[in-house]
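Look at the two complexes coming up: subunit A is in both, with subunit B in one and subunit C in the other.
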Partner chain A sequence: MDIGPYALQLFSGLSRAMVLFLLSAGLSLIFGVMNILNFAHATLFLLSGYVTFSIFTFLSQQFGASPWMLLPAIVGAVALMSLVGFALERFLIRHTYERELPEQLLLTFALVLILGDVIKLVWGLENRRINLGVQPIEMLDTLVNPYQFVIIGTGVAVAAGLWYFLHRTRFGKIVRAAVYSRSMVSALGIRIPMIYAMVFALGVGLAALASGVFLPLLPMALGIDLDIIVQSFAVVVIGGFGSMLGTFVASIIVGVVYSFSILFWPDGALAMIFLILIAVLIWRPWGLFGTEMRS
Partner chain B sequence: MSAPSPHHPGWLARLRAGDGLGWPVAILMSVLFLLVPLLPGEYWTQVGTEILILGLFAMSFNLLYGYMGQISFGHAAFFGVGAYATAMLFTALKTPAGAIGVPEFLLSLLVGPPVAALAALFIGFFCVRLTGIYFAMLTLAFGEMLFYIVFSWYSFTKGDDGIQGLLPPDFFQDSANFYYFTLAIVALALFVMWRITESPFGSALRTLRDNQRRAAFLGTNVKMHMLANFVIAGAFAGLAGALWGPFSRSVNPGLLGWGESGIAVFMTLIGGAGAFIGPIVGSVIYTMLQAVVKMYTVYWPLTIGSVILLIVLFAPGGILGIIERRMRAARAGNQANGGDPAAGPSAAEAQP
Partner chain C sequence: MTQSDKKWDGFIDKLKLSRRDFIFSSVAAGVLTLTPRLAGAQAGKPYKLGVLLPSTGTGANYMAHAIKGLPLAIAELNKRGGLLGKHQVQMIYRDTETKPDVGAREAKSLILNDKVDGIFGTYSSAVALAVQEIIHEYKVLHFAATSNSSKITQDNYTPYTYQFCPDSNMQSGAVVVAVARMAKKNNWKTYVSLGQDYEWGRDTHKGFTTGLAKVAPGVKETRQMWFKLGETDFTSYITAIMAAKPDFMFGAVAGKDAETFMQQAGQMGLFKRVPFPGGLIPVNDLKAQRKTLPRGIIGLARAPFFAHLNEPIMQAYIKRDRAAFGPDGYPDDWAVMHYDALGGLDQGAKKAGSTNTEAIIKALKGATIDTGRGKRTFRDCSNQLNVPSYVGEVWDSPDYPFPIYKPETMIVVEGNEVWTPTCEEVEKLKKKRA
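What follows is the complex of A and B.
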């Protein structure tokens, strides 16, 4: 049997999975802590991709073109987008905590529409991508883009870092406590509004990291946020709202299943993801790693 | 925003309850709708037709949201299934030259609602077991799956090309005639919908919307009621979809996507989910705004996004919600004779 095509799909599926994880981890955290389902998450991801591109281009013009310029560009975009996330929470999102689900969804959906047009106004209709000029390497009977290993490594590193942050640091423990009981955390004298703003900033920062890392493989184009957000929802629901481990496992399931479905049913690969989502929602609505309590 | 309690005074409350002032408002709206084709040019007649079809779609969505308390992000699946069922039969019945007779045309329209209802029966069977965000996610998942099936099953649905050439019979090609035809169907559909929401079945739905456990204690079969309502909502969405094909002369997979579902959600929340006619009011505002804004700019999403943002922040309950709060505040002010204005709304609610 020729394993070449399968190895190729496996690596592209895993790198896709890691990007989905970076994106969905923030979505899941925001939902877990604030009970807000952020429709605009993938749009912020897209916006950040354009920002990263612009910083990268600027740096390349100033200091000469080099693939390494992507690194400071990503750092800059993550910092900038975290600030944007912080501001969004302080000025808009926090007004909806006492509202019901549809209004919260509507507010973040309004952001999808507004930010989408802002991108169009600033960057125009042209797609943006970065070509790092990485040569494919030969392995397992096929040619693999080694940059995919950078993405996979980043994803695993961030997953480990998030685990450490949530379980071993004081702030992380407060965040986890807030997932279970906001009123209790607040009663212990911790300023919950600050926690909210910082969690939102962290989530948006992770989305920014995801788009920066993915930029050399995926061109940023208007409208891709609408496809990505529903896949990210699928990941969060399959894994279980608020569960990081669940989000990680579900990202791998969704990324790899998508990648292999493309071999057999190119146009319908996304239908497979929704089939899994439907099965999970019928069988375990709270997700693979979620707890029933929160439903 | 939930759909407020049914027991408070004011003409809007009575309109919700379906007595008294409901008829004058309905008649006023009907008269305004009847006059639309008198406007010069075909453009506004076509906008009017769009208002009616999408308004019916939004009304069907509000059966789930306003009356059952569940938000669906996949309601366009039934709009799209209805549209495709009609479009396929239409294509099968028309002559090779592209013409279709009036009976065949009407028959193709009739097939939309039952096929959509069938799809809703299957999908609803699973969805009514969940509530809240899980209901929203499962409807979204089914909707997106149907979207990708229609999108990729080229031999059956023509994939992303869609189905073109749905030219109705000569009589209906005239904008004004098609408009009045649509108006008649939509008016009839709204009348049936209104009867349903005011029936004991409708009351049971509102009870389980407010408290499922209490409804179950009172002997209501909660899941059965929700499923029946899901199928009814699907059938009306299918009717709207059936009208959409001959109106726009084509159908495409986008009609099933979650963007289309979003339109129903927008219209309902702009108009106000708490009032029976809220979604239609929302459709008038949304569609007219779109028709005007698109004349001047391509930045329609930015415009509607800002409008929604303002509504969520400053006008929860939609346009009808604002009017209602104003009137309630005024009444409370009169009755309390200059009492604490902050206590106004609750004071009004306390009235028998």
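What follows is the complex of A and C.
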């Protein structure tokens, strides 16, 4: 049996999974810690893509065109968008903590529309793309895009980094504690509002990283935020809100199942994802790695 | 730069800033003050033209030029006095978001609140079909300049709709002609299809497979793959296509999905392994993907300017757009089709001697009009304009800053060579309307 096609399908599924993970990690973190369902998360991802594009273009004009300009462009965009996230939380999101979920959704959906118009104002209607000039390489008797290794590597590195941050640093431990009991964290004299602002900034920063890494493969276009937010929500629900391990595993499940469904049952690829989602919601509503314990 | 030019630049900037519900009529009204009215012409009632096109959603990148360019074309028409030399055209723009429900809602709003006389649009066939129900109910003129499902002029026929682009059957027919030649030459036996899972994608695929089965029965489709509109990651589709090892692939992919697919497929080397003849590659994709589009790939276009450089009307389109949008501002297919629709409205009003909808639709029935694509005639039974489709090899021309189709390779298939079905069958397909 020729395993080549299956190995490649697994490879492309993992690549898809890592993009989903990078995007969903911030969404999961924000909901897990702050209990805010940020509908605008993918729109911040989109805005970050445009920002990365602009920094990349600026750097290429100043220092000459090179694929390596993508690195400082991503770093710049992550820093800038983290600040945007921090400001958003301080000026907007914090007013919704005591509100009902529908109100939070309305506010973040309003952000989707406002940020969409901001993109139109600044960048116009044309799609923005980055061409790194990557050439395909031969693998298992077929061709693959070597940039997919970069995506998979980034996803794994971010997962490891987040694990270290959440389990080995003091701030990370506070964040994890806040997932389970904000009042207890607050009772220990820790300023929850600042924790929230920093977590929101981190979440938006992760969205910016996802966007920058994906930019050489995906032209930034108005509307893609709404296209990807649904799968991102599916990942977070399957994995369990607030669980990074859950988000990572769910991303792999969604990415790989989707990829193999395309090979064997292309018409049902999307349905497969939502069947898994339904199953999780029925048997384990708090997600594969989530927990019921929460106050 | 003259004062007038500066004002135009400001005008264009405003268009870039357009909001979802931005009403262009106010801008157009400003433009009108800059332009002299025809001396002695008695001003008639303004003609309100609703324009339903997406500035968000999968069709946004295809419509950007048309949205910017139509106000210029209208201003130029208004300089001559407007329709019949006395009815200034006021454009009112609405974003359909490439969604049928939004398109239908905006069409109704344009008709009931803004009292438009006619509607141009839309991009998506699914949206156009939804809009048709509204325009038929209120008896409003509708020019489907770019949405091209054959259902628009056949199954869902209404006498108020006129179509200015090659419909999905005509377009698929053109690809069939080109692919059949290549299949014979290269001894192709199998192919895989990839399509957008909605009205246009399914319709285009059906037209192609049915047509190819007739002219090249030995060529078999081995797999079909459908993806949802707005797919952002095609890598799994691309590896699955390569795993199937077809002789070639057929694609019914358009809009930003086409841009994403081409970018990812190019980087994965798909076109080095699997020929992709007849994928939609209009002028805007040739421009946007000038660096990455694989040269030698066989594309399909609906109204490429470079195929009609000898037409005075096309020359005027090019001159106007390049003056307004810079040296790179050649009109894309979608803009050309909308300019032709505006020309059709102007000529329809002239033939009718009126801007009344019933008079215009009567005047345009089976009429021949001048367009950027030459003299073109509406098919009597369906109001489909007889326009060609273009298949050719993507090639770097020394004359343009982006690739075009290599002239020697370009196959221009006239609409009436491939439009199906027959008029008798079209009559049977037509929906029974109240």
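Assume the second predicted complex is superposed on the first by the 279 of 295 C-alpha atoms of A that agree within 3 Å, B and C clash if a C-alpha of one lies under 4 Å from a C-alpha of the other, contacts with A are read in each partner's own complex, and residues count from 1 in each chain.
The rule is short, and it goes like this: contacts are C-beta pairs under 8 Å (C-beta built on N, C-alpha and C of every residue); 3 or more make two chains touch, one makes a residue touch a chain.
Nothing here was measured: the structure is a model prediction, and the numbers come from that model.
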Exercise for the section: Quick one: classify A:Ile190 as touching subunit B (first), subunit C (second), both or neither. Expected result: neither
Practice task
Look at A:Leu125 in the shared chain and tell me whether it touches subunit B only, subunit C only, both, or neither; answer first, second, both or neither.
Solution key: second
Practice task
Look at A:Leu166 in the shared chain and tell me whether it touches subunit B only, subunit C only, both, or neither; answer first, second, both or neither.
Solution key: neither
Practice task
Considering only the touch criterion stated at the top, classify A:Val257 as touching first (subunit B), second (subunit C), both, or neither.
Solution key: neither
Practice task
Look at A:Leu226 in the shared chain and tell me whether it touches subunit B only, subunit C only, both, or neither; answer first, second, both or neither.
Solution key: both
Exercise for the section: Could you look at A:Pro102 and tell me whether it touches subunit B, subunit C, both or neither (first, second, both, neither)? Expected result: first
Practice task
Give one of first, second, both or neither to describe whether A:Asn145 is in contact with subunit B, with subunit C, with both, or with none.
Solution key: second
Problem - Overlap of subunit C and subunit B interfaces on subunit A (superposed complexes) - result: 116-117, 120-121, 226, 266-267, 270
Fill in the blank from the handout: The answer for subunit C against subunit A in the complex is residues 16-20, 55-58, 60-61, 63-64, 67, 97-98, 223-226, 228-233, 235-240, 242-243, 256, 259-260, 263-264, 267-270, 272-273, 288, 291-292
Completion exercise
The subunit A residues in contact with subunit C across the complex are 4-5, 8-9, 11-13, 15-16, 19, 116-117, 120-121, 124-127, 129, 131, 134-136, 142-145, 147-148, 214, 216-219, 221-224, 226-228, 258-259, 262-263, 266-267, 270
Handout entry: Touching residues on subunit A, where the partner in the complex is subunit B
Key = 37, 92, 95-96, 99-103, 105-107, 109-114, 116-118, 120-121, 226, 230, 233-234, 237, 241, 265-268, 270-271, 274-275, 277-278, 281-282, 285, 295
Completion exercise
Residue set of subunit B touching subunit A in the complex reads 1-2, 65, 71, 126, 129-130, 132-134, 136-138, 140-142, 144-145, 148-149, 151-153, 159, 258-259, 262, 265-266, 269, 299, 301-302, 304-306, 308-309, 311-313, 316
